[in-house]
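This is the structure I want to talk about, given as C-alpha cells.
To keep things simple, chains are lettered A, B and C as they appear, and every chain counts its residues starting from 1.
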Amino acid sequence: MKAAGFETAAREALGDSQLRRNMARATTTIRARRAAAVGEVPDWEELREAGAAIKAATMVSLPEHLERLERAVEERGGQVHWARDAAEANAIVTDLARSHGAEEVVKVKSITTDEIELNDALAAAGISAYETDFAELVNQLAGDWSSHILVPAIHRNRSEIRLLFERTIARGQELSDDPPALAAVARDYLRELFLRVPFGVSGANFAIAETGSVGVVESEGNGRMCTTLPEVLVTVMGIEKVLPEWRDLEVFLQLLPRSATGERMNPYTSIWSGVTPEDGPREFHLVLLDNGRTDVLADAVGRQALHCIRCSACLNVCPVYSRVGGHAYGSVYPGPIGAVLTPQLRGPAEAPTLPWASSLCGACLDACPVKIDIPSLLVHLRGRVRREVGAPHAESAALGIAFRAFSGRARYERAQRLRRLGRGALANALAAPWTRSRDLPEPPDQTFREWWDERGQG
Amino acid sequence: MSAAKAEILRRIGAAAGPAPASAPAVPRHYRRSGELGKEARVDLFCERAADYDARVHRVAAAELDDALTARCEELGARRLVAAAAAPGRPRGVEVEPDDPPIAAAALDGLDGVLTGCAVAIATTGTVVLDGSPSCGRRALTLVPDLHLCVVDAAAIVETVPEALAALAPAAAAGAPLTFVSGPSATSDIELSRVDGVHGPRRLEIFVAWY
Amino acid sequence: MTAPGRVALLVTCFNDTLFPGVGKATVAVLERLGCAVDFPREQTCCGQMHGNSGARDEGLALAARTARVFASEPAVVCPSASCVGWLRDAAPRLAREAGEEGLAADLDELGGRVFELTEFLCDRLGVEDVGAFFPHRVAYHATCHSLRGLRLGDRPLRLLRAVQGLDLAEVEDEDCCGFGGTFAVKNADVSTAMLGDKMAVLRATGAEVCTAVDTSCLMHIGGGLGRARAGMRTVHLAEILAAER
C-alpha cells in the first residue's frame, strides 16, 4: 500500500469532514483519559525509565533472548518457527492450517498479521480468516484497512457502522446507532464462530524468554476466545517483542494500558506458555517474524523505533495524525511511530515522504511510555532519505543557496539585501505554498545589523 | 537449526554488533511494593473493581454461601459450573463439576461459573486466575455469561509488581494466567466504552474475610 | 544569579533579516537592566533549518561556525527558543551521530553559555519586572521549543505578569501552531489546518496581541491572522518587554 506521497494523501484526508470530526472527537477523548490515568501514577517517570532501559537492553542481546524463548516454549510443549519475511511467515501459517484441514480460522487483532497481509495469503489458499476484533471486523466487512494501531476503525462513527452491519452480518435487521446494540450484533455473529472454528491465529504483545510466556492484552474477550477455544493456535510475533524476564512484565503491564486506552488495566490479559493439558489448545505454534526488523536494528540511531509497545499514545497526541487519520501514511503503522518505523522496515526509498509528515512538535516523545525520541528519529531519517534516496530538486537547490549565503559574512549580508527585490530565490521557491493561506510580512527597511551599524557600536 | 533461524540470528549479529560482556543495568526505581494496610488495600480493591463495572460484595467467610445463594437468586442463575476447588457453594443452584471437561457449546448453555482466584490487585481492581483447581481451566470463565469470583481478602496485593511476583512460580511452571479487570468491553465505537462483548457480561466479585 | 555584565547577542538570521525589531527590543531590555551588549558581526545562521531538513553536514557546519563566532563570549543571549534548542540539544546529538565527537564537545560547551532571553532574565539576572509598560490584552502562545524543548515553564508568563498595564489572557491549549520550519510549506495543507485551530483558540481570548518567544511561529500565526483580517497582531515577547511609557 504505497501512498502517493504523504503531502498528497494528507490534503485529501483533510477535506473529508466526516473523518475530521471522527478523528478530532476520538483523539480528544482518549488524550484526556490517558492524561488522567497517567496522572494517577506517582512513579510514572520511573516506569518509563525502566521500560526504555529494558527495551534497550533486550535489543543489545536479542539472539540470546530469542533462543532462550524458543527453548522455554518448546519445553512447555509449544513449537517455534522462524520467518525471514512476510512470504515465509504466511507460508508457515497456511501450511499449518492446511495440514490440519482447516478451511476457516478465527483471528485476534494483530497489526503484525496485517503487516504481512496474512488474510490475503490464506484466502489465496482457500482459507477464510475471520477477524473477531470489533474494529477489525468492521474494516473486514467494509473492505477497508486499519487506520490506527489500537482502534483500527477509529475513522468510522456509529452511524457508518450501523449501516455497514445492516448490509452484511445483520442483513434484514433494523438496528439502532446505540453502541451497546452494535456490540451485541457483533457478539451474536462472532459467538457462533468462536464455538465452532478449531483453528486460531493471534499476534502477541510480548513474550517472556525466561518462562516462555506469551501474552495478549485486550478488551473484548475475542483474544481469550481465539487463544483458548480452538484446538490449534498459531501466534505471529515480531522478534522485537521478546522481553528477558518475568519481572519485566511488571513495568509494561502498567505502561501499556494507561498509555493505550487510558485505563488502569485493560479488561483481559491472557498469558500462556506452550500447551497446558486439558486447558486450551492442544497445539501451539509461535512464529518469530523478521520482515525488516533486522534492517531497523542495523541503524544505530533508528533502532530505538523497535522499542515500541504499540500503545498508540503518540498517534492520539499528534496534531498531524489527529487531523489526517491513518490511511494518509500508507502503512499499517501510521502516526509518529509509523513515520519512523515504516521507512526503516521497508527501506527509505519505499516511504520517502513520511519523515516529513511532522512539525517536530515533540508531543509524541512526551507521551511515549518507553521514551522513544521520535522527533530525533524523524530528523535522522530525513538525513537518510536525503543521502540514500535524494530530495526534490527545487528544495535541494534552495537549501544549497541558503547554505552558501550563510557560510560567510559578506555573502550573507549581500543575500540580505535581496530581501526587498522579489524576496530572493529562496523565498520565491517557498512563497506559493505559504501564501495560499498566510500573508507574508513586509521586509523591513533596515536589517538588524544595519541598524546596529547606524547606532555606532560594534 | 532451520535455515530461517540461522539467517535471522546472523542478521541480528551483523546489525547489532557483538553483545556486551554484561547486560546493561536497568534502573528499577518505580514502586515495587505497596504501603497500604490490609483494610485500606481491600477498600481500594473494592473501589477500583467497581469502577470497571464489576459488582463487588464484601462478606465474612461464614456468610459466603448465603451471599452467593442470594445473588444467584436475584440474577436468576440456576445452573452453574464450578472450578473443582472453588470456595463457597450457592444453595438452590445446580452446580456442575467440570469433570469430565464440559464442551464449549454446553458451557454456553449454563447460567454462570463460580471460581476463586490466585491473586487480586488493589490499584487496578484486577483478579488473576491461574488455571489451578480453585480457578479452573480458562474456558470456564470465558464462555458463560456470569462469573462469580470469590477473592480471599488475604490474596489482595496493592501493586502490579507484587502481583507478578506472587505469580512468578505459576508462570515458571507454565500455568495459563488470565488477568480480569471488569467485564469485557470495547472502545471501538467512537471510543465510548461499551461493556459486555465476548467474555462474561457480568462479573460478580465476592471479597471474603477469612 | 549574576550581576549584569557583558553579553553577546545571537540575533538569529530570521530576526536579523526580517524582524529587526526583535533584535532591537532585546538590546533595549538588556541595556535597561545594565548589560553591555555586544553583537559579533560574523554571525549568520545557526544551522537549524539545514539540520532539521536532513542536510546534516550543512547544519553541523553552520553550528560549528556559530560556535567559532561566539567562542570567546562568556554569555550569549538569543531571542529564539528554537535556535537555542538546536545549538544546545539537537546539534550536539547530530554531531555525535555523525561521529564528530570534537564538534559535539564544542557545541556542549557553547550550549552552557547560550541562554534563551527569558532564561537569561529570570535565571541569570534574577528579574521578573523589567520595567515594561504595555497596556493591551495579550495571549501567550507556548511554542513547542519553549514548552517541550527547552522547558521554559512559566518564565515567559512571570515576565508578562510583571508588565504594567498588560492584561494576560489564559490560553490552555498546548498544541503546535503548525509552523514546524519547512513543514509549513512542505505540508502546507496540514500546517494550515493546525493554524486554523490555533487561531480559533487565540481569537476566543479576545486578545489584541498574540505573543511568543519564537518569531518563526509568530510569523506563521501572524500571517494567518492577517489573511483572516482578524484584528489581532503578533508581537515578540522581547518587544513587549522593551515597551515603555
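Throughout what follows, a contact is a pair of C-beta atoms (placed from the backbone, for glycine too) under 8 Å apart; a residue touches a chain by one contact, two chains touch by 3 or more.
What you see is a predicted model, and the numbers here were worked out from it, not measured in a lab.
Graph distance from subunit B to subunit C, where chains that touch are one step apart, equals 2.
Measuring from the average of all protein CA coordinates, the nearest chain centre is that of A. Just count the C-beta contacts per chain pair and the biggest one is A-B. Taking the mean of the C-alpha atoms as each chain's centre, subunit B and subunit C sit 53 Å apart. Rounded to whole angstrom, the centroid-to-centroid distance between subunit A and subunit B, based on C-alpha atoms, equals 29 Å. One inter-chain figure worth recording: subunit A and subunit C are separated by 33 Å, centre to centre, where each centre is the mean of the chain's CA atoms. On the side of subunit A, the complex with subunit C involves touching residues 6-7, 10-11, 14, 301, 319-320, 323-324, 355-363, 365-366, 376, 379-387, 391, 395, 399, 402-403, 405-409, 412, 416, 419, 430, 433-434, 436-441, 443-444, 446-452, 457-458.
By the touch criterion stated above, subunit A contacts subunit B in their complex at residues 22, 25-26, 29-30, 42-43, 46-47, 49-50, 53-54, 56-57, 59-64, 66-67, 76, 81-84, 88, 132-135, 138, 151-154, 157-158, 161, 179-180, 182-183, 186-187, 190-191, 194-195, 208, 210-213, 219-222, 224-225, 228-229, 239, 244, 246-247, 249-251, 253-254, 261, 263-274, 276, 278-280, 288, 290, 294-295, 297-298, 303.
Residues 2, 4-5, 7-9, 11-16, 19-20, 23-32, 48, 51-52, 101, 104-105, 108, 121, 123-126, 131, 137-139, 142-143, 160-161, 164-165, 168, 171-172, 174-192, 194-199 of subunit B touch subunit A in their complex. Within the complex, the subunit C residues that touch subunit A are 11, 13, 15-21, 23-24, 38-39, 41-42, 44-45, 47, 49-56, 58, 61-62, 65, 90, 93-94, 97, 144, 148-149, 175-176, 178-195, 219-220, 222-224, 226-227.
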